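You will see two complexes here that share subunit A, one where it goes with subunit B and one where it goes with subunit C.
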Partner chain A sequence: MNELSASSRITYRAVMVRPSVARRVRGLSDKTLAWLFITPTIVLLLAINIFPLLWTIYLSFTNYRANRANVPTIWLGADWYQSILTDPDIWAAMQVTAHFVIWTVVIETVLGFGLAYLIDKKFRGHGMWTTIILLPMMLSPAVVGNFWTFLYQPQIGLFNYVVAFFTGRAASSFQMLGDVTLSPWAIVIVDAWMWTPYVMLICLAGLRSIPDYIYEAAEVDRASKWRQFWSITLPMALPFIMLAVLFRGIENFKMFDMVNLLTGGGPGSTTEVASITLKRAAFESWRTGYSSAFAIILFVTVFGLANIYVKALNRVKSR
Partner chain B sequence: MSLDVTPAIARRGLADRVLRRGPLEAIATTIIAAGVVMLMQPFSLTLYSWSFATTLFGTVMFTIVSKVRE
Partner chain C sequence: MKRTKTLVVACAAVAAALSVGAGTTPAHAQGKTITLCWAAWDPANALVELSKDFTAKSGIGMKFEFVPWTNYADRFLNELNSHGSLCDLIIGDSQWIGGAAENGQYVKLNDFFKKEGISMDDYMPATVVGYSEWPKNTPNYWALPAMGDAVGWTYRKDWFARPDVQKDFKAKYGREIGVPKTLAELKDIAQFFQGREIDGKKVYGASIYTERGSEGITMGVSNYLYDYGFKYDDPKKPYAMDGFVNSANAVKGLEAYKELYKCCTPPGASNSYMSEGLDAFKSGQVALQMNFFAFFPGLYKDPNVGGDKIGFFVNPAGPAAQATQLGGQGISVVSYSKNQAEALQYIKWFSGGDVQKKWWALGGYSCAKSVLNDPSFPGSAPFAKEFLQSMGMVVDFWAEPSYAQLLQAEQKRVHDYVVADKGTAQEALDGLVKDWKAIFKEEGKKF
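So, the complex of A and B:
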């Protein structure tokens, strides 16, 4: 034993130890092993998801302010909820959110499905076009927000010059981001530009899942292309379209980064979507209890929509 | 000899037919959707005020009925 080198001694010890550990592990039931593997994940989820959620629910019933953490908190009951749900300014923010969500979802669905329908025809070079169309989706929302701010510049922005080229109107005569009428549409255009490819991908998956023999049977029955579209293509791709609509609806309901970079909620409060109002209440006015209540209201709405989303997803999976 | 030709499903009570996951989930989904519409509609502040309660009720109902048998 003394003649053994250091590495040999380590190996020898490992060999000595291994059987007992192995025996101990081998003695565990499948259920215990499963728990052993998922416990770190559960602990992590509890720490970064569940605990902050429960803490936010608690704060939403108090007058807590994060910038005055030493001040004793007072239990207010549902006062903040009542205040938010009767506040015309928050109601206006919800309507701005509704305008943003409805128009982006409509535009993205129509354009996304149209593009998917064209790409599904497998024309020459369709692979290259698919890649090009998908490029905006791969960019970071922060990057998109920044470069669209430049594109919308009235003096040097490319967008204004393109509009001027097609309409004959002077490029510097309108401001997409500074005009109360145009700015809500400016954010809709950017979101549609960025996320239409995503809707296209989902719709393409739906179109590719339709078996060819259905179209062949329709051809035998001499159904026109128009009839095939309304009776086969659209009904069979509908669950996928619904999935895309729900996903984009949920995502845009909580949209923050891109709108914050483009307009910051302005001019005035014309593009102040709910998440920007929430950020202002939480980190500019430091009304932590109030903003927690607002966050819970938005959370319940998103959670409710997510339930519908999961139901739609299960329907798609069962096909 | 009498043959019972009535299908088993017909003998089920109204509660058995209604208290199934499918219809209950559909009701919960409709309530959630109504709550979301109430939250974002521009017509009535009263509807907006009741939107959270409606969505919360629908969500809790959905969570419960998703555990009900098929």
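So, the complex of A and C:
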């Protein structure tokens, strides 16, 4: 009995308590049992992931509108794809998205890694600082979007006062959310504020996974701190950094809630990221076929980029 | 065995509690309850108060689903498009009527009106066309005009009355400061107050609609466009928009709106709509405010800026016309409702003369001639006369089934030009014609 594995013990107890189930199960092969366990998951996946995806692909080739279900659906072929890929407004939205993704990822990675590096030094009170730094990512994006609109308010906003304090410029002389030059940066700042801690957390896990003996060996070899950083810390933490970049890149490519609350895509279309354009087409204009095609294009883009990136990540890890 | 006993006792207790509850429930809760959907704003509270009479009279309970304006269209159009039965009655925006009628989301009310003796002749013509008819100007009714509304203006009467303000204004513009009769005068006043110190506080000219996300800037700029000669299409040839939407006068109107935005609004007013306008006015930031009449009863009661301190005026005239943007809504029965009979009963009750009078008294805007044409009406509230005048000069946005797309196109083109400084006014309106043509073409319209 003592030699039984934990799972066997559990099975044994189950058999003792529910003999009728055991009798029924006893006649099934391992393969059948395995199928029995994974079938609910597969059914769920098919129902909530695969079927909607296939349905969306189908709709993207039609003129279907969710608000006019009584209008006959016409097969349009690749018309929507052609129209989306040649639409300057869509490309403008993609540029806005690219600006947002690139800058947020760069800033969050640099700051996140820097903070992780500092926190990893385990100075006095580092636990408390870690908790404080992590607070923004624990907030809801809707809350963050709302309170940053107040922080950015030119007349009463704290952000403008802080800038005014350091630059001497009048607080109400500039508007972060209403200015075409500043608003793309306003959304980058908020995202960086909220998600740098997340990158920090992943980088910290990477830094803590580096064994001390490697640094000790480097010390013995009289490697400078700078050399240790470039030859040990950075290469060994790189897979974690890349993972953080992947997560933030995918997340920000489909960013909606925070930007929608902060600027609603404005002023004009200056901060209209692709997901806002998609939402407007799908749920305000009710161009379901068109928006399905756009969603598929976005999905293929993210999926393709993520796959290329994962291959690069695997190459780094296998070094 | 002990567990079974406990279970039996618990069930008995629950059953007893339920039966006691049923015994103490008011009579109407045992009957039907219907749900009315609308926006969350002051008139909705008045309607809750008013509807108590309906419940008392009919025994039908009322539930209310109110959604803030920013999510109102999204929430309820989603509900209608998904054939949801949450709302038995809906006070839907005037522009929804085409889509709701053509997609079978509203119950057609002609037979019901005929049977109950409800005549559309008893309502202000603009509200019947705006809130009830589809196709427009045909006797096909999908709603009962419920809440008349239009864009108007408020101003700080107390500031206008200050001797220093009067003296400075006269010195600068060579005339007395007063309610603006034209858009040019309005701009002068806004410019005069912009950055001025009043009681040691810096104030600004005007709060106007600039919101990008839903319909804000369109509802604002329309007041200028109409006054400058903008028309949605050729009155003789429907959907022919060239030279009407983008006429030279319309371009000037758009430029004038941008000038007002640039010269005379408070900092950070790049995404303002109804609530931001109210905030700006109530906090004493602005001298003038563009907003819907629906908010005026609340503003008049405001302890800080209401009473003697506030004045109201209609949208001033432009070089070509004097018009204003229609707001307001009709009340419709949702075709997916399982309580259509009770919902129709509510509409019949709501159309009653006394109910309409009480509706106005509580803060709602009746569309019934019996209320509006009453000789005492203009003096019944400080904004009643202006409301009446506005309802006589309203113009509405497209009410086509594709209105949401048409609206989005205007939101984008106008916001890009006015707020984001992209291109010229001519380019914005030419682009708008192009967008609208594409939308109508997709709809199969011929023009």
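Note that in this section the second predicted complex is superposed on the first by the 283 of 319 C-alpha atoms of A that agree within 3 Å, B and C clash if a C-alpha of one lies under 4 Å from a C-alpha of the other, contacts with A are read in each partner's own complex, and residues count from 1 in each chain.
Simple rule for what comes next: contacts are C-beta pairs under 8 Å (C-beta built on N, C-alpha and C of every residue); 3 or more make two chains touch, one makes a residue touch a chain.
Predicted model, so just to flag it, every value in this text is computed and none were measured.
Visitor: Which partner does A:I297 contact after superposing on A: first (subunit B), second (subunit C), both, neither?
Guide: In the superposed model, A:I297 contacts subunit B only, not subunit C.
Visitor: Have a look at where A:I308 lands relative to subunit B and subunit C in the superposition and call it first, second, both or neither.
Guide: In the superposed model, A:I308 contacts subunit B only, not subunit C.
Visitor: Regarding the shared-chain residue A:N67, is it in contact with subunit B (first), subunit C (second), both, or neither?
Guide: second
Visitor: Which partner does A:A98 reach: the first (subunit B), the second (subunit C), both, or neither?
Guide: It touches subunit B, and subunit C stays clear.
Visitor: Thinking of the overlay built on chain A, is A:G264 touched by subunit B (first), by subunit C (second), by both, or by neither?
Guide: A:G264: touches subunit C, not subunit B.
Visitor: For the three-chain arrangement built by superposition, which of subunit B and subunit C touches the greater number of subunit A residues?
Guide: If we count touched residues of subunit A for both partners, the winner is C.
Visitor: Name the contact category of A:R280: first (subunit B only), second (subunit C only), both, or neither.
Guide: A:R280 contacts subunit C only, not subunit B.
Visitor: Subunit B touches which residues of subunit A in the complex?
Guide: Result: residues 81, 85-86, 88, 91, 94-95, 97-98, 101, 297, 300-301, 303-305, 307-308, 311 of subunit A touch subunit B.
Visitor: Quick check on the complex: what are the subunit B residues that touch subunit A?
Guide: Touch residues, subunit B against subunit A: 25, 28-29, 32-33, 35-36, 39-42, 45, 48-49, 51-52, 55-56, 58-59, 62-63, 66.
Visitor: Quick one: which bits of subunit A touch subunit C in the complex? Just the residue numbers, please.
Guide: Checking each residue of subunit A against subunit C gives 66-70, 152-155, 157, 172-173, 175, 177-180, 260, 263-270, 280, 283-287.
Visitor: Going by the contact rule at the top, pick out the subunit C residues touching subunit A in the complex.
Guide: These residues of subunit C touch subunit A: 73-74, 77-78, 80-82, 99, 102-104, 211-213, 266-271, 285, 401-402, 404-405, 408, 412, 415-417, 419-422.
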